[in-house]
Every structure is written in C-alpha cells, then in structure tokens.
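Chain lettering (A, B, C and D) follows the sequence in which the chains are written, and residue indices restart at 1 in each chain.
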Amino acid sequence: MAEERFLQMEDLSKTYPGVKALDKINMEIRAGEVHALVGENGAGKSTLIKILAGAEIPDPGGRILIDGEPVSFAHPLEALRRRIAVTYQDLSLFPNLSVVENITISRKIEEGARHIDWREMRSTAQDALAKLDLDIDLTTRLSDLSLANQQLVAIARALVHDARLLILDEPTSSLSAEEVNALFRVISTLKAQGMSILFISHKLDEVFAISDRITVLRDGQHVGTYLREELDEEKLISLMVGRKIRFMQYEKRSVGKPLLEVKHLHKKGNFADISFTLHQGEILGLTGLVGAGRTEVAQAIFGRIIPDSGQIYLRGKEMKITSTTQAVQAGIAYIPESRQTQGLFLGKTLADNLSVTRLDSLANQFGIIRIDLLKDYVGKWIQRLSIRPPYPKMLIDQFSGGNQQKAILAKWLAYEPTVLIVDEPTNGIDVGAKSEIHQLLRELADQGIGIIMISSELPEVLAVCDRILVMRRGRVAAEFPKDDATQEKIMNAAILGGDARQDVS
Amino acid sequence: MENNKKEYMLCGVLAIIVIIMSILSPDRFLSLYNLQTMAFQLPEFGIIALGMMIVILTGGINLSITSGSALAGIMAAFILSGRVMVGASIGMSIALAIGVILVTSVLLGLLNGFVVAYIGVTPILVTLGSKTLYEGISMWLTKGGAISNFPEAYYWFGNESIIGIPVPMIIFIIIALITYVLLEKTPWGTRVYMVGSNPTAAVFSGINIKRVLMQVYVYSALMAGLAGVIMLSRYNSAKVDLGSSYLLQSVAAVVLGGTNIAGGSGKVFGTVIAVAILQVISSGLNILGVNRFIIDMITGAILIAVLTLNIISNRRESRRKSDETVLVAENRG
Amino acid sequence: MKQLLRSKEAGILLIIVLLSLLITLKNPVFLTSSNLLDILKNNTVPGIVAMGMLLVIITGGIDVSVGAMTAAVTVIIGKYMVHAGGNLLTVFLLGCGSGAILGAINGFFVAKLDIPPIVVTLGTMSIINGGMLYYTGGSWITNIPKWFIDFGRIKLLGIPVQILFLVGAAVLTHWVLRYTLIGRGVFAVGGNPIAAVRAGFHKDKILLFLYSYLGFMVGLAAVVHTSIMRQVDPNAFFSFEMTVIAAVVLGGANVLGGEGSVFGTILGVMMLAVIQNGLILAWIPTYWQQIVVGAIILLAVSLDVMQNRRRQDQLTRIDVAGEAPFGG
Amino acid sequence: QAKEYTILVMPKLVGIPYFNASETGALQAGKDLGVNVIYAGPTQADAAAQVKMIEDYISRGVDAIAVAPNDPAALTPVLRRAKQRGILVMDWDTPADKSVVELSVHQIDDKVYGEHNWDLLVEAMGTDEGEYAIITGGLAAANLNTWIDHGLAYAKEKYPNLKLVTERIPSDEKQQEAYRKTLDLLRAYPNLKGIIGISTPAPIGAAQAVEERGLQDKVAVVGTALPNDSAPYLKSGALKVSTLWDPAKLGYLTVALAVKRLNGEEVYDGMEISNVGVIDVWDDGITVIMGPPTDFTADNVDQFDF
C-alpha cells in the first residue's frame, strides 16, 4: 500500500443554521487506499464528502490540500477538474434522461466539451457498465430503472471520470449481494491502479471487507482514523455510538390466526401467481434479487398497483382495494423503498412529515388541529426513534439520510396499522438505529400486527423474520420457516429458483 | 426552519407604501372616502386571489378562475334581471341567484377537478381549456352583451356598509378567516399542502389525492363564484369578461404573498397582505394621477423587488445564523 | 416507426390527424396545399417563440413576458426602419439582439437571484408592456419601407419565406437541445437541478442562456411578424403568451420540467392552428366557436393522458418467469 | 373664470391609436379653455378596472367625469355616487346609463353610422346582391354590436338580396387575427363579394388578406378605420373606403362641453363649438352628436393625419 499523502483536510467545519454538522475535521486520504468513513446517522459523513466534492462550501478557517497544495472548490466542477468523483447518497441522477447521459454527462462537462457525440458517449457508458458486470439498456430512461439499477448507474458515472479520488456515499444501500461483490471487485482493480477510494457504508461487514483504513465520525467530530486491523466490529460500533450494541437474534414465536391471505395474485409484466398467508404477530420476510418483483407485490396489496386477477383477504374478508387510501383505511401501511421521491415531503418540516398519517386524530371535535396534541405527538416520536437533531420545525430536507428514514418509519408506526409492509426499511440506517428498528418491528409484531418485511439484506431477514418468502422473476420461488433458512438456501432459491415450496403451513 | 419572516417583510413593505402615499397625498389618500373606496375595491380581487392561491398550493394553477366567475355571474344575472324566473319575488330571486352562482361554481370546479385529479391532465392545460370553454358558454348565452338591471336590494352586497365597514369587506374577512382556518389549522388543509409538496409521497401516505385535488378546484371555483356575487352587485351587470383583468393579477398577488408557485407552501395572511399592497399601489397612484402604464411598470418593479429582497434577506439570514451557531459552539467548547 | 407510435407525440399527432379528417369531410378545401401553407405561415410567429419557450418550460420555468417582449421588439425594429432605414441584416441583428437582451434581463433575475420565473416574468411583462405603450401610445407604425415588405413576400419554391424561418428555428432548437452540452444541461436542470450542479453544470449560465435564447427567438418572431403584417401594432401581442405556452404544453412538454421536444411543440402549435382554421372552414357558427375550441382542448388532452396511462399500466416491468417477454 | 376646473376624461382603455388621438384633442381643449384635463383609463377594456379608476379619481377630487364605458350598466352605481358628490357626470364615445349622465357626447348617431357602413359596402361592391361577411373587434364590444345590429336591420329592409354568410366574426382587435380569419373566410365562402370590418384594425387585416389573394377586384372591403392605417390599402385598392370621425375632435368636444356645463351654460341644438363645428342636440337635451362621419378614399386620405 502506498503511504503517500494525497489529500489532507485541516480544521474543516461546516455549520448549517442551527446545526454544526462538522467540527474541525482533520484527516488525510492516501493515494491508493480504500478509506471507509463510518458514523451514526447525522454524524456528518455526507456533509464531509459534499465539501470534498465542491457541493458545499466549508466554513472559513478550514483548508483542503491536494498534494500539499491548498485548493478551494466553489463549484462541483472544480472538484471534478481536480479529479474527485462522487456518487451521492441521494444518487443525484437525472430521472428524465437516458442511462447513457446519466453516466457520461458530467464527464463531458469536465472535459469542457460543447457538443454531444452520442456514439462516443454510448461506448463510454457501455464500458463503465461492463466494468460493473451490468447489462442495462443504455437508452432506458433513468426513472424506469429500479432503485438498485439507478444506484449502479450512479456508480458507473463516477467510474467514467478518470478520478484520483472516488467517493462513494452509501453505494450499496439498495444493492444485492451479487452486485455488491461486483462493485468490490471493481474497487480492488481501481485501487490497484493507484486510485483512492472514500467509502461510506452502514454495513460494517462491507467496511471490514474492503477498507484499508477506517475513519469514525461522531456528532460532527473526528473520533479517529484506524487501520482495519486495529478494529473489530464491536470496537468500531462502540467508537461510533459511544456504547455497545448487540445485533439481536430474535426467537421464532408462535403466531396467531391468518391475517392477510393473498391468493393467485397476477399482474401481467409484474408478477404471477403470488399466494401466501401472513399471520397475526408474524414478520414475513420477502427477499430475492433486486428486480424480482417484491415491490410490485407489496404495492398491489397497498392498492397502488391494480392486479389483473387474484384475491386478497384481510381477516378472512375479501378486499377489493383500488387505492392507497382504501388500503390505509383497511389498516394496511406501506413504507416505500425510495425515500426521496416516495417517502418524504421535501420543503416541509419534520413535524409535518411525522404527523401526516395521524392528522385526523390530532384534531378536536371542530376539526381543528390541536397544537398541544401535535407537539406531544411529534415530540414522542422524535424521542422514540431518537431522530436527530430533535427539532420539529426543521425542514426535513436538512436532516441526514438516516434520520429522514426514521421520520418515515415513525409516521407509519404511529398509525398503528394491522398489516405493515416495509420495503427496505433499514436502507442507509446506522447499526444503532437499525437494531432499534428491528426491536420496534418485533414489538409491533408482539402486539399482533402482521408485518411483511422486504429486504435484500439476508442477515437482517434471518435475524428478524419468522418466515421467509423468496421471489424470483415475479414468482414466489421458495418459502422457508425461520429455523430452516440459511443464507445459502435463500440465495440458491433467489438465483436458481427452487420450485420446492417447503412447509406450506 | 419555517417562520413568518416573509409575512413580516410584506407587512413592512405595505407600511412603507402606505407611508409614502400618505406623504405624497395626505389629504386625499388618507381621507375616509378613499379608505372606504379601497375597502370596497379590495374584496373581489382578494377573494379571487385566495381561490387562486389554494390551487397554486397544490402545484397547479387556475386560469379559468375569472371566466368561471363571469359564467356563474351571468347565470345569476339572468335570474336577477328577471329574464328567467319572471315573477319571482325580489327576495326569492336574490336568494335563488346566489344559489345559482354557488351551484354553477361548484359544477365548474368539479369539471376542472375531475380532469385534473381523475384524468390527470396538467392543471395549466385543463384550466386553459376550461377558460376557453367557460368564455364560450358565456358568449353563447349573452351574445356578448351585458345582462343588467338588477333589483335595488341586490346592491347591498357590493355597495352598502355595516357600521362603516363595507359589506364586501366583511364577506372577504370572513372568507379569508375560513380559508386560513381550513388551510392552516385543519387536517384537510395540511393534506392540501402535502399534496402540493410531493404528490407521490402523499399517495404513499394514504392521502386520497384525487379527492383533495377535486376539493381544491371546487373551493377555488367557489371563491370565484363569491367574488362574482360581489362583482355582480358592484357592477350592476354581468358580461363575458367580468373581472378578466384579475386573472394574472391574482397570480401576481399569490406569488408576491410568498406562496411557492411549485406548490407546498404559502400562507393565507401573505396573500391578503399582497392583495392589500397591490390595492394601495393602484389606488394611491391613481389618486396621484399617475399614468396607468407607469402604474403597471411600478407594480411590476415592486413585484420583482420584493421577491429579490426576500431572497437576499434569506441569504443574509442563513449566513448570520451560521455565524451565531459558530459562536455558540465556540463558547461551549 | 414503432418508436414514433409509442412516443409521447403520437397521441397529439393522432388528434391532429383526426381533426383534419373531420374538417376535410366538412370542407375539402382544408386539405389544399395553399390552405395548409396559409396555416403554417400564419403560425410561424407563435411557432418560433414556442421554440424558445420550450427550453424555458423544460427547465420547469415559464415566461409570461413573451407577448410584451415581442411587441416591444416589433416597435423597436419598426421605429428603426421608419426613421433610420437600415437593411435586412441590421433589422435582423437589431431584432434578435434586442430580444436577446430583454430575455437576458429575465434570465439575470432567474439565474442570479433565484427568483421564481413566473414572478420575474410577470414583473417584466408589466414593465415592458407599460413602458412600450407609454412610449408609443399604442399608435401603429406604418410606412414600413418597401424593401422590407418585399422581403416578406418572397417565396422559395412556392413556400413563403416566413415558414423557412420557422423551420430554421426548429432545426436550430433541435440541434441545441440534442447535440450541445448546454442543451442537455437544460434537460438536466429541469430533471434535477441539484444533481445538475453536482454533475458540474453551471446552472446560472444555463438559465441565463436559455432566457436569452428565448429572447432571441422572440426577436426573430418579431421580425417575421412585421414582414407578414407590414405595420406594427403595439397591442398586437396582448395575451400572446397564453397561446405560446398552451402550444408548448399541448406538445407534451412537462410544466414541472424535464420533458419536451421540438417535434411535440410544433405539433402543439399546429393543433391550435388547425382548430382555429377549421372553425371557419367547417362553418361553425361564431357563438359556438369558443365552446368548440375549449371542448376540443379538454378532450384532446384528456384522451392523450388516458392513452399514456394505459400504456404505462401495461408496461412490462419485470420479465416474469413463464410469461412471454413483452408478450401475449 | 374663478376656478380652474379638473375634468377627468376616461376612455375605454389607453394605449390604442383611436383613444390616443382623442387624448390629443382633449388635452388641446384643456389648454385652449384653461382647464385641467386628466386623460386616464385602464390598460384593458375591462369594466371592473374602469369602475375602480373612477372611484379612485372621485377620491382624488375632480369636477367632471366624462367616461367611455366598457359596460354601460357596470358604471351606473359608481357614476351615481360621483353625481351624489356633486361631480358633473357625462359619457362620451359610447353611451352610459341615460339616467345618470347629464350629457352624452356622441361622435355620431349610432343608427346612421351603422347604416352608413352598409351603404358603403353596397357602393363598393357595385351591386346590392351577393354574399358578404362582417369582421368585428370583439363579440362583447357594446358599441360595435350596436352599429352592426343597426346595420343588419337596415340591410334586411333596404338590401334584401345581400346575404350574410355567417355571424359576425371576432378579431380580438388585432390586425393579424382579422387577416387570418379573412384568409379562412375567403376559402370557406368562395363567392364572397364583400367584407365589412367594424373596429379599426379589422378592415386593415381584411384588406391585407384580400390583397394577398389578389382578389381586390372581386371582394370589396370597407369599414371603420383610421386614415393613416388605411392609406396603403386604400391606395392599393384592397380597401375600397374606410369611414370614421376625427377622434381628436371628439375629445376636444367632450372637454369643451364639460366646461360649458360647469360654467352653467346651456348646450343646445345647432350650437357652434370652436375648433369642432356645429353640433346636434337631441330632444332629450342630453345627447349631443358631433356630426357625420368622414369617408376616407384613395383620393382624400392624404389630407388627414390621425
């Protein structure tokens, strides 16, 4: 490993109105290293990389040095010209443009091109996708891609820059294990070529798998930078959160009566012949490769997609749900996978975002919202999910990604649904919060709620779920009771599709 | 953070304009007569602006608002002028006329709402189409002429005062209060803002956005109708272009009042103050005998200036706030 | 071909064809080449301005000052020709130049001060219109020099010269949007402004450019208009902005930004033109005309959306095992 | 004269050539007669805007208001209020509610003028039979409608063989609209022999279309237009004749009569007003007619400048 200093940060601080996101950070990135940046939600990781990318201006007083020479970026283009390429946590892609352009356009700008050479752009994009072992139609509009593919496109975009520093802000949050492996292979190759990589992830196994050094941030402060060998998972967590956290393995418990029954649900081009039963007090895992159609099934139950045929029964009564409103009224809640576009009311406050599902219950008999009730309610949920900073009137845009996710969770937990469907609920959530969320889901199940948990993170599925369904290409490929499930079996079913549905209880 | 800074600043602007007008023309501008006149003039415009605002809050726009006003007014005018329902008593025909205005408005609003919410067409296109349609129907009904000659008693709505406060002003205040409470104090109002902020997230939050949008367009049309009630009385007649000059002005008032044109945020109070600002500029400069074109220019300049001020002060504010936090942090540290 | 049929423009094209068919059935004169050329020629002005407006709408902006700007430029070139003479080149330079400057003023406020475009342009609309009418008093400028009038009468292969300018504007705009980085920047800013900046675009430069570009088109349209009308009426563009915006949005541009095409916009302009033309050709009584126009617009846009929705709904998202791909 | 009067002359809207010409006349009269004339109006032909402006000018304080109403009925309440405050209320150009005005200054007798346009059409067509069309400024313009209605009634009696091909066609007060619609008309009704343009840009646009089609000799265009705007088309023969009064004179007359009334003078039939001429006053004692319209032809048009 090269020990040569490449990029140094001296006393970098960043203050947002009311929040000190970064406080005098001093760290360095060496040439040819993979450097992981970890910390709790809101620790300041994204802010730090935005500064490195020129997307945010640091407070006066701090410095960034590249090869010992001070630089300052007033615009992201200047950072790009200094050969720093980034994938952002919110992806920062163009939903209305094709995959080709999303991958190549910033490279074109960096080169100072004025004209578009479509053929050349196509081949550049093709190369980048090939590096990631990806086969996506280049002319597809980005908004027609699944979240996972969008994330891969964002990564491919960073790859086309002939960068010295590649920054990846939670690149794996919606990727499947396969895709993560492909990404890691690429990272190793790039590292061998002398590129430095700054990598943010909440998945600590990934951090240990790939990084040379690890920097821990806490509350905007630099806790320390360590060689990977100096740390183990437990130590790292305690550095991050200042206390110890155990990843709970939950026991399978007896479950109640059938709550939600899905029979032969079919929607052309989405999914086929979906049948399963969810019981009271059960957490049913729904896993599989990204693009297997899990989201579509969930949205069909939630009334967002109208199936062509098949029945859904809630407590034995057939439901004809044609809108999300009806689903919600029937007691079904769905937490979507795409936080930015489907979950958040950007431009509104945390309080607004938290209270939207419970508004009617916060009003008095004249239909006027009672401020005192609202305050109590919001305060309670901020505390319960420890959303930080705990400012109800702060715009949701200004919260860190993880805290935004907590807000979305809170609004549905508060609704006290009968059936709760969570689609990749712990995306971008730190270990501490993640185990809190697991705990919460378990508690809810214990209260008799039926939960469907869509997740691509197998350890999580194995830890929390009572029963696991595996989907493959729009169909249920296998079903495992908790005791019988292993990562290998699930992966096998997800990729190859074991027809044997075991234990149909 | 959300706050009322924009509204304070608008109040400041209003105060400054009032002061300037008072200095330039103390005897006339501040005369009771002029104050009353302004109080008679403002309501119809104010109500239309509120109707425009609620649609803009959902990220839409209602270009048919004044045409709807005119059409509803014309329907009522047929009754008031005795062209249809001959022989009804005066009280009856007034009650009926107002009923007809409201019912017509609701129907017109339902049409807009249906096409926007249930079919999913962009509001600007829908309302451009319905504007043309409503004008066409008005034209067809009236052949371009004015329907006039209403019973004296109907003048009350637009021309009388109660303890010195003009009736239209009272109507406006009531409507503004109702709108304020509905939008800013009830679950329904919050849903309106949420739909404007992110319709997809609203759907995923179980909000029936179709119904909310439908209601919003009906509300907007109702406002247009109520403005029609006042205009009908003040102008003693109904015609296809009744109030047409309020269309773009109402958009201007809404954005001047701080409502985000993309939807999701905006306050009733801001719109009301903006309406007052436009009223004072218009009346004040008229009294000074300023050429109407110059008044237009000044109004346009003020619109841009206020928004510029807003943005500059926002930038300064956030800079000051960050400085403060630094200080606090350093003191702590 | 298949792609065209599936594109967003297909719906509106279909509606235009349908309308044309209906009108032709009532009065075959509609389909004569001279009538079609008339329709084209008489809609070059909104067409050219729509090209600029398209860019603005793609970024999620709007410009309601185009009517005032076009009128102002006609006055500027009218006065210039009457008082200073000039020649064709200087008239074009002056027209496009002054248009671009007016547009750049809008652009400045939108790009540098971040004021919402509708506010800026509502403001400049009042200012430009007020100033121009105060100055001219609304009087027409007649006595446009003969050389300019002759220019307006030029036909190439039977095609009026004005149509060529529309074609030129369309080709230029298509090229800008498709083959220049700044054109793609317009789409990028419209799709995700924050991402556009992060990708390295200078958002303010793009905005400044496109409002100036619109101004340039406005200038061009003003010259073309004057070449058709041969006099200048400062009031001729009252509520012109609505026509232009309607055409662009009808043509499939998304007012929220990110979408729109030159072809669609031309179709939008043509749809309005065909309706207008058909009203008289199909002998529709005057007092029914507006009702018909309003109803057609509402129906057309509704049909378009419903058809799009159906297509979306039937889209294959997942290659479901055992289901024929794109199939059945 | 003891006091300098302030007279508000309000057109339907400002910023169009016709009302600009009136402004010159009104201001000139103010200068000549030593009164303070305010010429102000809305920027759109909207009755609501007009009412508001009148209200504001009442606040300002004026001695007389002469208004050209966009919608006569709409102005009645505000004019009544003005009257109550002792302001002399009159109308000009277009009549307001008879019961509130003390003087109604008309350029012309509407009936005579409407009929005159039809006479001109027949003369220009050279025959009193055949198809013709009407292009008007706007369907909701009260005075234009009055002229057309009078003309149509007259034609039914006097020229029964004239055939109106379709109802009056609006042109938005814009030349390009009149031009475009005429092109369409010429196609839709190939036997068209004549077009009457009512509203100043209408005949110009129609003439332009006729000229472009080379139909000068087949289709006769006549109508109301200002001489300066008509000149090129009169000379090319595409416009046979246009007819109007001098709007400046009308403005002048309005102010002159207002001053007379404020001074307590009588206004009577056959009265001579300097710079205007002899006026007609109807039996109602209120309606004043300035005189017959002037016809502009290729031969005389250069003598006028407005």
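For this structure, a couple of remarks:
By definition in this document, contacts are C-beta pairs under 8 Å (C-beta built on N, C-alpha and C of every residue); 3 or more make two chains touch, one makes a residue touch a chain.
For clarity, every value in this text was computed on a predicted model and none was experimentally measured.
The chains that touch chain B as well as chain D are C. With centres taken as mean Cα positions, chain C sits 42 Å from chain A. Centre-to-centre separation between chain B and chain C, using Cα means, comes to 29 Å. Centre-to-centre, using mean CA coordinates, chain A is 43 Å away from chain B.
Averaged C-alpha coordinates give centres for chain A and chain D that are 71 Å from one another.
Taken residue by residue, chain C touches two or more other chains at 129-130, 133-134, 287, whereas all remaining positions touch fewer.
Counting partner chains per residue, chain B shows two or more touched chains at residues 139, 143, 260, 291, 293, 296. Among all residues of chain A, none touch two or more other chains.
Screening every pair of chains for touch gives A-B, A-C, B-C, B-D, C-D.
Taken in their complex, chain B has these residues touching chain C: 59, 63, 115, 119-122, 124-126, 128-137, 139-140, 143, 248, 251-252, 255-256, 260-262, 291, 293-297, 299-301, 303-304, 307-308, 311-312.
Contact residues of chain B toward chain D in the complex are 28-29, 31, 33-34, 37, 40-41, 44, 139, 142-146, 148-149, 155, 158-159, 231, 234-237, 239-246, 282-283, 286-289, 291-293, 296.
Within the complex formed with chain B, the chain C residues making contact are 60, 64, 109, 113-116, 118-120, 122-127, 129-131, 133-134, 242, 245-246, 249-250, 254-256, 287-295, 297-298, 301-302, 304-306, 309. Considering their complex, residues 178-184, 187-188, 190-192, 194-202, 258-259, 314-323, 328 of chain C touch chain A. Within the complex, the chain D residues that touch chain C are 14-17, 19-20, 23, 43, 139, 166-170, 172-176, 179-181, 183-185, 187-188, 201, 204, 208, 228-229, 231-232.
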